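For clarity, chains are labelled A, B, C, D and E in written order, and residue numbers in each chain start from 1.
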Amino acid sequence: MISGFANPERFMRLSAKLLPWISGVAVALFAVGLPWALYFAPPDYQQHDSARIMYVHVPAAWLAMALYAGMAAASVSSLVWRHALADVAARAMAPIGAAFTAVCLVTGALWGQPMWGAWWVWDARLTSVLVLFFVYLGYLALWAAIEDETRASRAAAILCLVGAANLPIVKFSVDWWNTLHQPASVFRADGPTMHPSLLHPLLVMALAFTCAAAALVLAEMRVFILRRRAESLTLRRRRAT
Amino acid sequence: MSVLTAFTGLFRRELSLAWAGGGGAALPAAFFLGMAALGPFALGENLDVAPKAAAAILWLALALATLLALDRMFQADLEEGVLEQLALSANPLEAGALAKILAQWVAVGLPLAGLSPLGALIMGAPPAGTPALALSLAVGSLAFFALGAIGAALAAGLKRAGLLIAILVLPFLAAPLIFGAAAGARALSGQAFAEPLLLVAATALFGLALAPPACAAALRLHLD
Amino acid sequence: MSVLTAFTGLFRRELSLAWAGGGGAALPAAFFLGMAALGPFALGENLDVAPKAAAAILWLALALATLLALDRMFQADLEEGVLEQLALSANPLEAGALAKILAQWVAVGLPLAGLSPLGALIMGAPPAGTPALALSLAVGSLAFFALGAIGAALAAGLKRAGLLIAILVLPFLAAPLIFGAAAGARALSGQAFAEPLLLVAATALFGLALAPPACAAALRLHLD
Amino acid sequence: MARIPGYAGPMEHDVFPPHRLIARGLGLRRGGLVLAEELSLSVEAGGALELRGPNGAGKTTLLRTLAGFARPAAGAVRLACGEATLEAEERARRTHWLGHAPGLRREESVGEHLTLLADWWGVTRRRCEPALARVGLAGLAPRLGRMLSTGERRRLGLARLLLDPRPVWLLDEPAGGMDEQGRTLVMDLVEEHRRRGGLAVVATHEPVLLMDADQLTLELVA
Amino acid sequence: MARIPGYAGPMEHDVFPPHRLIARGLGLRRGGLVLAEELSLSVEAGGALELRGPNGAGKTTLLRTLAGFARPAAGAVRLACGEATLEAEERARRTHWLGHAPGLRREESVGEHLTLLADWWGVTRRRCEPALARVGLAGLAPRLGRMLSTGERRRLGLARLLLDPRPVWLLDEPAGGMDEQGRTLVMDLVEEHRRRGGLAVVATHEPVLLMDADQLTLELVA
C-alpha cells in the first residue's frame, strides 16, 4: 500500500479506487455518529447539552494535530528522499489541517462561553492552538509566494519542520502548565478515563472525521497531480509547435 | 482628465503589487491578526488588562503593521528606477505620492480595520462598540499612512531605512494613536467617542494635505 | 582556524553594516525608547495599567524592532549578490547564518536590553526588578533573532517579503515572547522569575541549534 | 498645463518642433570628487552627442545632470524649443532617460509596467504592444521584472522610448548587454529619432555606435 | 576539510592541478520555459568556452547551473580534478562566479567587501590591495557600493577573481560596461588564468573576446 503510493501513476490508479470507499465509510460513520452524539448519548451531568460540542471539537482538535504531524512526515521525506508525492501530500494536507484548526478554535470558543464565561482565555492550550493556526497560515502563505513548485515545496517543508516543535506543546500544554482547559481523558498512558457512554460516540465521530479528512486529502492530491500533468502537457505542446 | 488616468493608473498598480501573489488582502489580514495576538501574548498573566486595553492593543497592532508596510513604500521604486521614469512626466510626483498613500491605505489599512471587530471580540470586548472601533481604525490608518509616507520618503535609499523610518515616523504617529486609541476605548465601553474620532480625522486630513508635497520633495532629493 | 577567521570576519562586517553611518547602537536605542513611550500613550486613559504592563510593552517593542531588522537580514545580501560569493566557499552557509544572527543580536538586541531599565522606569516600574528585566530581554532577543532568521531566510526575495516574514515568524516568536514577558513582569513585581527565564533561554538554544541549517537550506533555495 | 505652441504631445509619425539642449559651464561633483569643471555642450534638433571616456569619468553623472535628476555644482542646463526656454516641468515631459536600472519592480510584469507608464505619461495603452514588438519582446508582457535577462531588460528600456515620443533622449550605454541584433536596433532607433527632429546624448563604450555624431570625451580625474 | 592531493589552496604563481568541467545531458528550465535540452559540454584545464547566443537564450541560466546555484531539470554537472570527481563543497571553493550583481551591499565599501571575502574565503587580506590595483581600482577602497560606476563595479568583480586563485572561472559578460582598457584587461586576465592551467566559461556579446576558445551558441526557444 505504502509503496503503491510511491509513484504518481500508481497513486492515481489506487486513489481512484480508494476514494469512493473512504468517502462512503465517512458518510456511513457520520450517519451513525451524528445522531448518537447529538441525540442518544446522555447529556453531561454538569454541562447539559452544551457538552455535545465535544463531538465536533475533540475530533477536529485531533485532526488538526494529526494532519500537521502528517505534513511534517511528508516534509521530511520530501527534503531527504526527494519523494515526488510527498510534497503534494504535504501541500494537500495544509488547507484541510488549517480548516480543522479553525473548527477546533471556533467550537472551543463557543463552548468556552457557557463553560468558562468567556469566549477566549489566554491559557497555554488555547494559545498553542492559535499558534498552530498561524503556522498553518504561514505555510500556506509561503506556498503562495513562490510560483516554482519544487522551490515552494522545499521552502515550505523547512518551515513545516521548524513549526513541528509546536505540536508537543499543543499536546502537553495541559500537563505542563495550569490551564483552564481540561487535561487529556482519552489518549492517556493509563487508559481513557472518560465514561464509555460518552467515549464510544466520540470515537465513532473521530473515525468519521478521520475518513472525511483522508478523502479530502486524497481528492486534493489528485487535483494537484492532474494540474501538474496538464501544465506539462501544454508545455510539451507548445514546444512541438 | 489625463491627470486622473495617471492617478488611477498608479493607484491600481500599487494595489495590484500590494495584493500580488494571490490571496489579495488575506496576507495583510493574517498579518494583522498575528500582530493583534502579540499584545495578549506579552500581557500574559496580566490578562485582566486585556479587555480594558483591547482598543490600545489593536491600535498598536495597526501602528506596527503600518511601520512594516512603510518600509518598502518608496524604497523599491527608487532602487529599481521606477521613480526616475515617473519623475519625467507632466504629472507631478505629488500626485504619485498621494496615489501610493491611498493605495496602501486600501490594501493594508482597510482590511485591518475590517478585521478589528474580530480581534476585539477575541480579547473579550463587548460586541456593541466594535463597529465604531473599526471606523476609528479605518480613519486612523489613513492618518498613519499619510504621515508615515513622509518618513518613508525621507528614509528611502538610506542605510537601515527600516529602523530609521520608524524613528522618523513615531512622533507623527503619536497624535493619531493617542486620539484613536481613546476613541476606540470609549466606543468599546459605550461612551461618547465623537470628539477623539474627529481629532483622528483631523490628523488624517492634515497628513493628506502635508504628505504629497513633502514626499515629492524628499523623493526628488533621493533621485540626485 | 580558518573557519574562525571567516566567522569573525562576517560577524564584524554585519556589525559594522548595522552600525554604519555613525551613531552605532543609537538608532535601535532611539527606536526602542520611542516605542516604550508610545505604549503608554496608546493606553491613554488606562494609564494606571502602565506600570503593570511595562514589561509587556518593552517586550512588544523588542519584538517590533526584531521584525523590522529581520526584514533586511538576508534580502539585501541576496539581491546584491553577496550570498553568491559567500556560497562559493569551503565555509558552509550555516556558519554565515549563525554569524549574522549573533551580529544582529549584538547590534540591535543587546542595546535594547541595556536600555530597558530606563524604559521601565519611565513607565513607573520599581527600579529593583529592572536588571532582571534587562536580562530577560537580552536572552529573549537572541531567541527572537535566531527563530526570526529562519523566516527571514525563507521569505528573502519573495513578493511582499516584509509582511510575509512577519507572518512566518510570528508563531515562532510567541513562545519566547510569552515566557519572556512573564519573566519580566514577575521580576518587576518582585516575584520569582527563574522558571520563565529558563524557558526563554531554552527557546533561544532551540533557535540557535535549528536556525543555521534551516537558514542555509532556505538561502540555497533562493540562489536558484 | 501651459503648453508650448507647436508641441501637441505624443505624435506618431510627425516631426518634432526644433529643440536644443544646452549646458553652460557645468561643474560636476560626486561626494568630494570633482568630475568635471566648466563643461559646456549643445545638441541641436536632429543631432547627437556621444559621451566617451574611461570608466568612472563621469558620463553617467553628466547624463543624470542633463536629465535634471542631479543638480550641477556650477552652471546650468536648459532645453530650448525654438526661441523659448522650457520650464522644468516641460523639460521633464520631453526628456527620456534610459539608465541602468530596470525601471520596473521585481514583481511587476512587463505589461503592467508599460501600462502604468502609458497611463502616467498620458499616452494611449494601445502603444504598448507595438513598442514591445519593435524591440523584440513581443509576447513577453507577462514576464516579471526579476525574470528578465540582461538584454531583455535593456530592450524594455528601448520600448519605453518608443511608448511616448519625446524629443530629447538621454541614453546611458544603450547597447550594453545587447546581442548583435540589439546593437543594430539601438542604432536604427536613434537614427529614426534624429530624422524626426529629435536629439540624443548617448554614453557608450562601443567602438562604433552612432553615425556622424559629435563626440565629447570626459577625462578621468587624477 | 578533506583536500584533494595536489591542490593546496590559494597559490600565487603556481600552476593549478588539471581540472575539467563536464556537463552531460543538461536540461535547463526557467518557470515554464524550456531553455535547453540534452546540452553537453566539457572544458579542460587551460581551455575556455565562449557562450554565445541572442538575448534570452539562456547563457546566464547555463552559467548559474554550472556554478551550482541552479539545479538542472535533467542531467548533471561535475568538476573533476585529475581522475577524482569533486564533492559539492570542493567544487564550490574552486569556482569563481562573476555575474551582474555588484556582489557588495550599497552601504558597504570596496575595502570592507574584499576584506570580508578574504576572511571568508580563507586568503590573506594582503591580497586585497594588489587585486584592486591590478584592475585599475587602486585607491578606491573607501568608496561605497552605491557610488561605483558601472565599469568600476565590473572591475571589482575581476578583483574578486584575483583575490582567491581558483581553477574554474564562470564569467557572465565580463567585458560589459567596460572601457577599451577594461576589455583588454579581461582578455589578459583570462589568458593568464588559462596559462596557469585554469579553465573558463565566458558568456559574451563582444564580437571578439577570447583567443582560440571553443564556442557554444545557444538558440532562442520559439
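Just so it is clear, contacts are C-beta pairs under 8 Å (C-beta built on N, C-alpha and C of every residue); 3 or more make two chains touch, one makes a residue touch a chain.
Note that the structure is predicted; figures quoted are calculated from it, not measured.
Engineer: Listed by label, which chains are in contact with chain B and with chain E?
Structural biologist: A, C, D
Engineer: Name the two chains that are joined by the greatest number of C-beta pairs in contact.
Structural biologist: That would be the chain pair B-C.
Engineer: Using mean Cα positions as chain centres, tell me which chain lies farthest from chain D.
Structural biologist: Ranked by distance of C-alpha centres from chain D, the top chain is A.
Engineer: Tell me whether chain D and chain E, two copies of the same sequence, contact each other through the same residue numbers or different ones, using over half shared as the line for same.
Structural biologist: same
Engineer: Using the average of all C-alpha atoms in each chain as its centre, how far is it in Å between chain A and chain E?
Structural biologist: 48
Engineer: Measure off the straight-line distance from the CA centroid of chain B to the CA centroid of chain D, and report it in whole Å.
Structural biologist: 36
Engineer: Just how far, in Å, is the C-alpha centre of chain D from the one of chain A?
Structural biologist: Comparing mean C-alpha positions, chain D is 58 Å from chain A.
Engineer: Chain D to chain E: how many Å between their CA centres?
Structural biologist: That pair's centroid distance is 32 Å.
Engineer: Residue numbers in chain B touching 2 or more other chains?
Structural biologist: As it turns out, chain B has residues touching two or more other chains at 20-21, 27, 30, 34, 37, 41, 43-44, 159.
Engineer: Mark out which residues of chain E touch at least two other chains, giving numbers and ranges.
Structural biologist: Counting only residues that touch two or more other chains, chain E contributes 31, 71, 100, 106-107.
Engineer: Scan chain A for residues touching two or more other chains and write them down.
Structural biologist: 127, 134, 137, 141, 145, in rising order.
Engineer: Spell out the part of chain E that touches chain C in their complex, as residue ranges.
Structural biologist: The contact residues of chain E facing chain C are 1, 67, 69-71, 89-90, 92-93, 95-97, 99-108, 112, 115-122, 145, 160.
Engineer: Taking the complex as given, what residues does chain A use to touch chain C?
Structural biologist: 79, 127, 131-132, 134-135, 137-138, 141-142, 145-146, 151, 154-155, 158-159, 161-163, 165-166, 169
Engineer: Inside the complex, what are the residues of chain C that reach chain B?
Structural biologist: My answer: residues 17-18, 20-21, 27-28, 30-31, 34-35, 37-39, 41-46, 49, 52-53, 55-57, 59-60, 63-65, 67-69, 71-72, 158-160, 162-164, 166-167, 170-171, 173-174, 177-178, 181-182, 185-186.
Engineer: Along chain B, where are the residues that touch chain D in the complex?
Structural biologist: 2, 5-6, 8-10, 13, 16-17, 20-21, 76-77, 79-82, 84-92, 96, 223-224
Engineer: Chain E touches which residues of chain A in the complex?
Structural biologist: Touching chain E: residues 147-148, 150, 231, 235, 239, 241 of chain A.
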